[in-house]
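All chains are identified by letter, namely A, B, C, D and E, in their written order; residue positions are counted from 1 within each chain.
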């Protein structure tokens, strides 16, 4: 059987390596294009990422700073303790609304003390400087220590959302002109007070620890409850979805006989991934709250619903990763007398780890950012009280970070938009913390063979 | 130079370790192994020879049921190990494979360190009580496979970073480290130089004193050197099986003769 | 039986096809190839021999820059192909590899049909104008690799379902089908029976009429049979290079002598 | 369970949260948990039954329907107290940089209805500019962001603006004259055009606002309180010459408003801590009165608040 | 909390069982551990499991019975004690079984296998739960609404007063249109990114880019929605739709599709990257050795070998696209219409499920109940699509080695 290149194979002259022949040129051009597409794809993704992150950061950075006003408040006994017996039970009958009036007087006094004169400044402008949260703050202090009544005490109180916005550049003189909730005079007054050092903008720890606040006091709203709620839910998801998902994948990919039933399970799982998340909410409401009697708005229910939702999203990548491990490695293990189970857990699983971790990263990211299913199980709610510590806290009402974002973007006061972006930043940091370990592990387990 | 120093063919033992009866293997529709009947003796080296694609590996994989992992493979017939049918429902293939070790045709080290590659078997079978014992087993196995000198300084490097022949020896060491009762070796010396080959052959000879070894080889010289029994496969049939001396000097089947004299392949 | 029918050693051509100068290869810290200087002639079969792990495959992979794919590998020195440095910046490794074909030590068929495996090279290089031509190339290559008869009825079955030796021949056919100018073969016959080996050797002989062939082998007989030039590697050094006859009969280096007489490995 | 649980309309939600917050601050009870799931969703949870596993209060931007009452009854939720907390004004506003608008309901009908009457003929609406509808209106292309059909606001908008405009402009008669019966004519009046000039908004008012920011020609339908919090970005239009404000709505001058409610399970009043107190706190003068925080936020307080307070104190259930 | 105490005690017992079993096995083995069928650790585990499993079964049964109201809620201590007795009995039984021939490894592995199987059954249970929780209300819906109009109606105009047109067709169309555009964006970008990361990029670049792209999957969808509404929508309208005369809608299928596509990139890129990376290097070497360019290698050898995993990734992305709401609401609008023009506003099934379910309409009205019917229909449709996908993957699967 002669195999000379003369007949069938076109004769190729020994060409120089340094010059590319036409075909090579064309193929190299294709190669370049291909590579360029890759670079472009990554560039597009990175640009999108940068743009999105930039919008979030510029919009949300302000949430981490807050303006406070330092004022001496004369705690008028006539108003705060009408009975005069300093009995906290009696004093508790005085509502925050009355404290509000005491504070108004204090602000007016401060303005007067500094001798600030601004044309057209109204009493409403002065009173509006501080947040409604301030009266609750003062009331709590007074009830905790009734002896303060009658004294003049220094308070560091939150300023109103518009004032705070002014120092962060969100509110301008022009917008204040049209804004019925503030006025240029009020802003000028705020500026004067700031110049005198009474009003300062500083880092806002309260944003990270406070609970949500009502529409009237955006400046007091924080993500404390939401962080706890998300944390609890993620604990549940992590503890259930990841092991169950991996276990199910191992069974289906490595052990299940290839028959109708496993086909049905397989199709089922891919289909579950396509079920809109709100439907999992419907399921959760029916199964966990109505049937199992778990409490509403509780992270345990949220966690369980998210677990069910995340499971298929972990199973699919995990199965793909298991499938990608070459059979020769399984053979090698079986050949030295390892059981199937041992070969899977000792060899296949470690090699599939990067793919599994990617599934976990993406699945958890989705679970962390999901609101729709929580809508039906009562977690999209206004919650002021922090849940307890573990494990009891799993059953207390709690919010979640995406829920907080969702809620705040619907509020009418524009100050909440900033908070929402701030909450998104917190959420992303939360996600990053959750993922660093996974990303590090993934890099560690990555190898070629 | 190309000496064929054969050990005395002391086919002293009589016990049958493995006996195959009417073994058929199908890959899908393809009938890869037809009616194979063979008795493999204990404490003996048996060589499987035959042209490429004749079914040697297939038969080897039948013995320790590695064919179970190929979905399209179907095995019929009986294979008895110590008079127990390995395809019996009650037989645990894992236990079987612990008894019947295997070196695959294509070297397939785990993507782990060299040490872990060899230590894997002893670990799962609990052959070592402590680290020192394990170290001992690993060293012994690597020495046996003539690899120790080359890798003793790089035991923690990945086994996949070795040269082809080194990988092959690593796989031999891995199989030997579990000290199986039967060792199936599919062309264990194909990528080895003559000296390494000689060392592995020495190892085989040594193993024979305790175990039964089956070796697939394309080298007639090697078969003649190491084995006491030889089986010749052709197109899925076991054509001839007998004492190695007889097969190489007085083949009964014409196909055997043609093969060993280099006429059919 | 084990005849060593050598073709006449007609080292007629004089042209140097590949010349290596002071080639060093490092895998990370490991210095795997040291100062290798060699001239490989055109229209000649050159055999690389040496103990396992001495750097034969490493050097082979340098010639067509396959070492580029190993992240930790670092190559220094010069390798000239037709007097052009293959490590020159302007050299396109793709074009280089089209000229310098390679058969790997471990058979690595694509998970495609047997036909597509062989047709892969001709397709990407545009060697066939139409399907019939392609069929012709595939058949010729498979015949050359002595595989045609075994697979002609199952060309559309996956190449991964072949036996070890069949896969090896498939890879040879795949490399030959691209008709390279230089063919690097890393132990092409390690899994082949003597007859298939003979056929592949015939193929090599035939290729030699037009191309330059480099073959790594552990079989001294094979080296003696097919090659006109032989290079002996030891521990990363090219110890000796010369006419095959000389190397096998009058080795100059003591290590060469020790190796071919079976004393070092 | 420690907390009171409230669910329902997202229109009532802000008021509910304001009260909940004040309640928690001033009373020795935990702050109620207030969910938003829409009036329908809230009432559904409400009607699921009685017991600690069910909610106590449902917020609603419309009165409970008979069908819903039936489900409630079937599930054992029989004694329900209906509390009207005030009125929600619905306003039309465009970008603060845009021109001033003074509409009549008829303008809205002629701008957005699918079928209009031109020269006595019923024709498809092709008006592209507001001044085509009414020469007094600015020359600006018609683009209205109206609440999606999931919103209760949509119903009010259709009935109090579009249908009113239909009748006012005489189109209703023309529809009837063209051969429709009364119902069909009403339907025809309230069917909005689908050529992209009337854009349904399924999200919240914030979405409407964002749409106006991205399409400055758009005019949006908002709640009064939302507008009042965003006067720097929005400019409100008058209806028949009346500017919307809590006063004009309370007095009935401004036509587009609707009552807001919440429903309480009487069976829970004794069982759930603080529920009675919360309900009373909600309708107290300090809270829901014209000077209270709700009014400040934009709720139009109920002139008949005193009657509501009485009913709550007495635990009067719906009949 | 007596039950949790019982649980804790059971775990302690199981741990004790492990230790006892192990040492007992060592004792039985004598000097040669190989005499045992299984390693002592397996014996220990088998005893531990023998103690744990019956107790867990008792506890689970007790919990279910209490939920179902068969047992009163003060039976906690009794259940706990029964569970403890079961655990001790199991432990004793487990210890007795230990012997040289006892196949502890197989027993443990069978139990583990049972556990794995149980885990995969959760998927089935979930599906059943979903169907059950949808089917009842769907039936309700079809009692008050004509199924033909629902399935074949081309108009979707729900109304408060009733008399709504609730045809699924425009929603279905919108769903497919948006998802298709999103996938058209995400699949090529994702695949190219994956290929670049795994085949071309240095380890450092990859180590940074991959997690960075994954952040895209973690950004809440509301951000994407607002991005679509405020940036992309007006851009497309002003520079694309209006000049071309394709309408002047600020929201459109294209807007939502593009933005959603960006969100889906990491699903395709990261998952594919892992799978591509798992393709053995020897295959690449084979192709490169024949003189193919890296891109030819990728396209003709690596990608086909990685196909099943890539299809899985794309399916996951498609699933996500179908289930997305916020981006569609803000990007594509809420108008249910059928049009070929990608610059028109449309909406999807999922959006309508959410909005009908959380709207202000009467919860017994067809306007609300339709959400369940939509959910179930979508479920069936995606099921059919998945069957097709499975079939295709089976057909084109290439197995390496």
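Simple rule for what comes next: a residue touches a chain if its C-beta (ideal position, glycine included) is under 8 Å from a C-beta of that chain, and two chains touch if they have at least 3 such contacts.
Fair warning: this is a prediction, and the values are worked out from it, not measured in the lab.
Looking at the partners of subunit D and subunit E together, the chains they share are A. Common neighbours of subunit A and subunit B (chains touching each): C, E.
Comparing chain C-alpha centroids with the centroid of the full set of protein C-alpha atoms picks out E as the closest.
The interface with the greater count of contacting C-beta pairs, when A-D is set against A-E, is A-E. Taking the mean of the C-alpha atoms as each chain's centre, subunit C and subunit D sit 83 Å apart. Centre-to-centre separation of subunit B and subunit C, using mean CA positions: 28 Å.
Centroids of subunit B and subunit E (each the mean of its C-alpha atoms) stand 45 Å apart. The distance from the centre of subunit A to the centre of subunit C, each centre being the mean of the chain's C-alpha atoms, comes to 59 Å.
Across the assembly, subunit D contributes 36-37, 41, 203 as residues in contact with two or more other chains. Each of the following residues of subunit E touches two or more other chains: 105-106, 226, 280-281, 293, 296, 357-358, 399-401. Taken residue by residue, subunit A touches two or more other chains at 27-28, 31, 293, 327-328, 339-340, 351, 375-376, 409, 449, whereas all remaining positions touch fewer. You'll find the chains touch as A-B, A-C, A-D, A-E, B-C, B-E, C-E, D-E. For subunit D in complex with subunit A, the touching residues are 1, 3, 5, 7, 10, 13-14, 16-18, 20-22, 24-26, 28, 30-31, 33-37, 41, 48, 53, 55, 96, 203-206, 223, 225-226, 228-233, 286, 293, 296-297.
Residues of subunit A touching subunit B in their complex: 258, 327-340, 342, 346-347, 351, 447, 449.
Note for the complex: subunit E touches subunit B at residues 33-34, 36-37, 39-41, 103, 105-106. On the side of subunit E, the complex with subunit D involves touching residues 157-161, 163-164, 226, 229-230, 233-234, 237, 247-251, 329-330, 333-335, 337, 344-345, 347, 351, 355-365, 367-368. Across the interface of their complex, subunit C is touched by residues 1-5, 8-10, 12, 14, 16-18, 20-21, 23-24, 27-28, 31 of subunit A.
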